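These are the structures, in structure tokens.
Two complexes come next, and they have one chain in common, chain A, joined by chain B in the first and chain C in the second.
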Partner chain A sequence: MAQPLTMIGAKPAPQETQSCWSCGTMRAVHFCEACGKVQPPAPVDYFAFFGLPRKLNLDAAALEKDFYQLSRKLHPDLNSQAGTQEQEWSLQQSSLLNDAHRILKDPIKRTQYLVKLEGVELEEQSKTATEQARSSGEAKKQIVPPDLLEEVFELNVQLEELRMQKKIGEDDPALIEEIGRQKLELEGKRDALLHELQGHWKMWDGMIQREQNGQPVSEEERKYLRDKMVDVLNRRNYIRNLVRDVSEVLEN
Partner chain B sequence: MSYSDKVIDHYNNPRNVGSMDKSSADVGTGLVGAPECGDVMKLQIKVNRETNVIEEAKFKTFGCGSAIASSSLATEWVKGKTVDEALTIKNMDIVKELSLPPVKIHCSVLAEDAIRAAIGDWKKKQEATKPVAVEAR
Partner chain C sequence: MATDRIVGIDLGTTNSLVAFMQGESPVVIPGDDGSNLVPSVVALDENDQPVIGNAARKHLTETPERAVYSIKRLMGRGVDDIQDELKFFPFRLAEDLQPGEVIRIKLGDKTFTPPEISALILRQLKRNAERFFGAQVTKAVITVPAYFNDAQRQATKDAGRIAGLEVLRLVNEPTAASLAYGLDKKQNGIVAVYDLGGGTFDVSILKLHDGIFEVISTNGDTHLGGDDIDNLLITIALDDTLGDLGIDLRRSGEAVQAIRNAVIEAKIALSSQLSVKLDVELPGGKRYLREITREQFEQLIQPIIDRTIGPCKQALKDAGLKPEQIDEVVLVGGSTRIPKVRALVKELFHREPHTDLNPDEVVALGAAVQANILGGGSEATENMLLLDVTPLSLGIEVAGGVTDKIILRNSPIPASATQFYTTQVDGQANVAIHVLQGERELAKDCRSLARFDLKGIPPMAAGMARIEVKFLIDANGILHVSAREQRSGKEAEIQVQPSYGLTDEQVESMILDSFDSAEEDFRQRQVIEARNEADTILAALDKGKKSPAWGHLTTDEKKKIAKMEKALIAVKAEDDYQAIRKAIDALNQGTTRLAELMMDSAVSTALKGKTMDEADMGEGPTAPHPMAKAEFE
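Right, the complex of A and B next:
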């Protein structure tokens, strides 16, 4: 696509109020409500694309329904009778629709996407912190707690040992039992993190609701709740990898 | 995505894998992680007290090929350098040497972090063991 369709860091997009290129009626994001013609993709985020507020608890069934309805209307094959320009837009809109659906239907991807919209580049956190440490000469603040790193490291050492043992056909029952115990503990942590995240979703959604009701929402509150979610997402990546690796070693 | 020959070489023949005594006064240990991918890296250095030269470096990394190659290269580079020289190593130097693609830049960041953390740990130990000498300066 020629231009990025999401505006990162933008405030919640206002309702699209441009007029239809064909009949001049005020149009929706995807196609004209009046004449049904496909519209050029508007620079909106995925939430706005589905006409949703930036809330994290969403009605999954309603999202699916909207997705299938829009898929049908925007499908390039169904617009094959339209002009070349309209066909091109329908292709772009379909692709945008698929991306938006893929991200929004997954609660974790949805959260990652939201914090990005709210200005946090998850992929850049480490680099930014390192650059700060480099220029200030101070120790870099690790993004996750050091004891989590210790734990991850130690468990990986044990996993490696077990892999080696299995390779030479030896199994240490005590080690297998220990790793099995850790696996249960990790799964508990993973579930606890999800629970923690769900608590943050609730707070966030409450804030968005107040904003929708016209009440002022402070920048501090917005950032505070956002950063709480970023913190959970970061810790979750380590736990997710460990659960995956532990299961793999125990099953093989 | 395919790995560069240099990454594959370091991955297949990692240099300086291992560990040193964490409690030794001459050893600095850095344990760092990349939340982007969940990789962890431990890098240790042994420093000559008289010359401040890094005489030995060891690493252990649990992560992708690029993370392993980045830390392997980092240990090669810090050996023989003074701690101050080692602090000038930047992640982009590693990116260039290993031809890492943009999605793997965080692996090089991890290696720079590990060097800094190990040196930081060593410096802390020196201050703790030689309080008089530090004050006298």
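Right, the complex of A and C next:
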């Protein structure tokens, strides 16, 4: 079985102004302002697709509005009378639009995408990776946040106990209540980490703004801010997976 | 330029319909028997000619080995998938089926794949539309259950092609329903569509926003519907007769069909009555009698309808919504007429569901709206746009037999994902990729969609190749794959082995009546059909003349009828089908009063239930039920 490589997003291509393939007018990026024809997709990242700078605080309402407006131009349903080539572009453009919107509208996915653009592939903490590690016998690389070590150990013992109890058809209400309490606590931590992340967004966005204003931004600063966010994301992913495991045991 | 008419088709488990946009509103096109619903039943007559719809229903009881219903349950599925269905449905599989081959069903001595049988139904709908327009129809939008997987969608598209239709779009049934619903409401808000049909269940949650119909989440069960309720009631009746009379009727196609008809009638009656009496004549002169109260019925079907709860809750969860945030609930599918189902929906969404649309027709009407949008739109559909999602996650098998999800369920479509692959040995020329669909973690628990072989990778050291594979789910929910080796820039050749599908060549060889598109053939068929219709009405008129009602007409009326009759006979000999049609219409108009008079005198023997199919049945499990012992006379 083939092993997928990880994909590091391409740096955004400079957005060249081009003329419409159909009517020759200078065009907008995705469709022609003059004749409405869909244009061939350019290889850009999701921020650039929406004409946005790589900032993390974004106006969700404006993004949705743009999404709807672009959908009205690019969706295959509205281009089904067009020529074969244009229909093909419409399909590609519209899938790009959907993918970009799906990632950018979600604060966590957006940040993950940005650090990936900046060259960091996050530790794979998904359930799939866990299963894969389990079945291949490899130890899963997983960073347990140090401040959680003790708590997580305790919780895992309790979860194992509850699993065993459930297997023999018993359940201990006190244990369930205790695990439920810890779950709430973890959810609190998870939400607090989003706030922490948003604090880093501010720093990052400030840096991008300076860059846009033509001020020099050092590679160190860029990396430093990026890695701060990577750290929060990793911790948050860890807790999110823990919450998922706990919910699974409680619900089953 | 008059653009081609694009019709909207609801290809249902129990019934199928065709509709189109007439001016501002969608309408259903009736068949030549006047009925809007074409039962999804196909039979072969004694000359091996296919018969479809109401005409095929009698074959279910008379020659059950030459008829088939509920074929939708088999679309895009393999032999291994359908073992459960075979317990309850009288599908006769071809004996020589190989594992991994597309299923073939026996009708008489011939065998047909499910897409071919569906194509016969589609062709009937196509003909109904052509008769209605007096012009050819070659383009259609066809609806599918939202929870249909890639193979089931592909099979539906193949069926369209075999029927001589260009399928411009597959639309999800609940989404189509929301289009029909939203057309006259013109409002913003969150809508939940609960669609319990003959064989499938879907739930979709949509956001309506200035003409954009955006699906937020969808869920369902492609094997849950009214069929399951019927089968339960049939099983009880068969258990009764076996236990109390010692007669095993399971192999008697005719008796099972009679029971099936009776339980369906009873089921329908129980939506408006508090109790119903089953009374079925069994072979050997015995009668099977049983009273079923609504309370008992509701207790009985509870486990079936409870299976819709999980998908509804999951859809809400995936949408990130609480039941209180749903503004409207729309009911679709015949099974939502059951009061207990309505009560369940109300409980799930904390809201009284809408019942003002005909649950049998709303999907076809929505398909017609979508057809109109695809055809360039009109005033009524201006600004309307459907944004749908993929119901199931798409994944790739990676080491250890694990599914790596690359497009998650409820992602808006079209959607794409890019994966990079490399080689593991020096000079490796091929890479195998296994594509899966489903939510489970292990590949073996997901649905296998296809195996791809990337071939012709230029020789290089292990790990050096960089093959970009692009997965794209189009607006029909169907997957496309392309691959390129990046270092050499060479397009990698992809060999697709669909796990349960027909190849292009197979579809090509199945295309029904390749002459169908020929203008002359179309005209000839129209002439033949028009002549047949003329014969029918002339025969009816002869009968009318002999009835007592004839005597009640005035001399003037009789004279007029005679004149129109003569005109029809004259024009029937010519080849102008439009003229024949005109003469038929005139005679029809002129004999309205005669028909009314005849009806009055014979109303008692006329109308009987129309919605029933008939069945034969395999071995079923013994069904526990809350009812008393049956009676026999």
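Assume the second predicted complex is superposed on the first by the 187 of 252 C-alpha atoms of A that agree within 3 Å, B and C clash if a C-alpha of one lies under 4 Å from a C-alpha of the other, contacts with A are read in each partner's own complex, and residues count from 1 in each chain.
Just so we're on the same page, contacts are C-beta pairs under 8 Å (C-beta built on N, C-alpha and C of every residue); 3 or more make two chains touch, one makes a residue touch a chain.
Remember, predicted model here, so these are calculated numbers, not experimental data.
Asks: Pick one for A:102: touches chain B only (first), chain C only (second), both, or neither.
Replies: Second partner only.
Asks: Touch test for A:62: chain B only (first), chain C only (second), both, or neither?
Replies: Neither partner.
Asks: Just checking: does A:152 make contact with chain B only, chain C only, both, or neither of them? Give me first, second, both or neither.
Replies: The first partner, chain B, only.
Asks: I'd like to know which partner A:122 touches here: chain B for first, chain C for second, both or neither.
Replies: A:122 sits against chain B, while chain C stays out of touch.
Asks: Considering only the touch criterion stated at the top, classify A:238 as touching first (chain B), second (chain C), both, or neither.
Replies: A:238: touches chain B, not chain C.
Asks: Considering each complex separately, which residues of chain A are in contact with chain B in the first and with chain C in the second?
Replies: Touching chain B and chain C on chain A: residues 127.
Asks: Where on chain B does chain A make contact in their complex?
Replies: Within the complex, chain B contacts chain A at residues 31-38, 40, 42, 60, 62, 90-91, 105-106, 109-110, 112-113, 116-117, 120.
Asks: Which residues, counting only chain A, touch chain B once they are in their complex?
Replies: That would be residues 122-123, 125-127, 130, 133-134, 139-140, 142-144, 146, 148-150, 152-153, 156-157, 160, 233-235, 237-238, 240-242 of chain A.
Asks: Within the complex, which stretch of chain A touches chain C?
Replies: My answer: residues 1-7, 68, 71-72, 75-78, 80-81, 91-92, 94-96, 98-99, 101-102, 127-128, 131-132, 135-136.
Asks: Can you list the chain C residues touching chain A in their complex?
Replies: Residues in contact with chain A: 168-169, 209-210, 212, 370, 373-376, 383, 385-387, 396-405, 411-422, 424, 431-434, 441-442, 466, 472-475.
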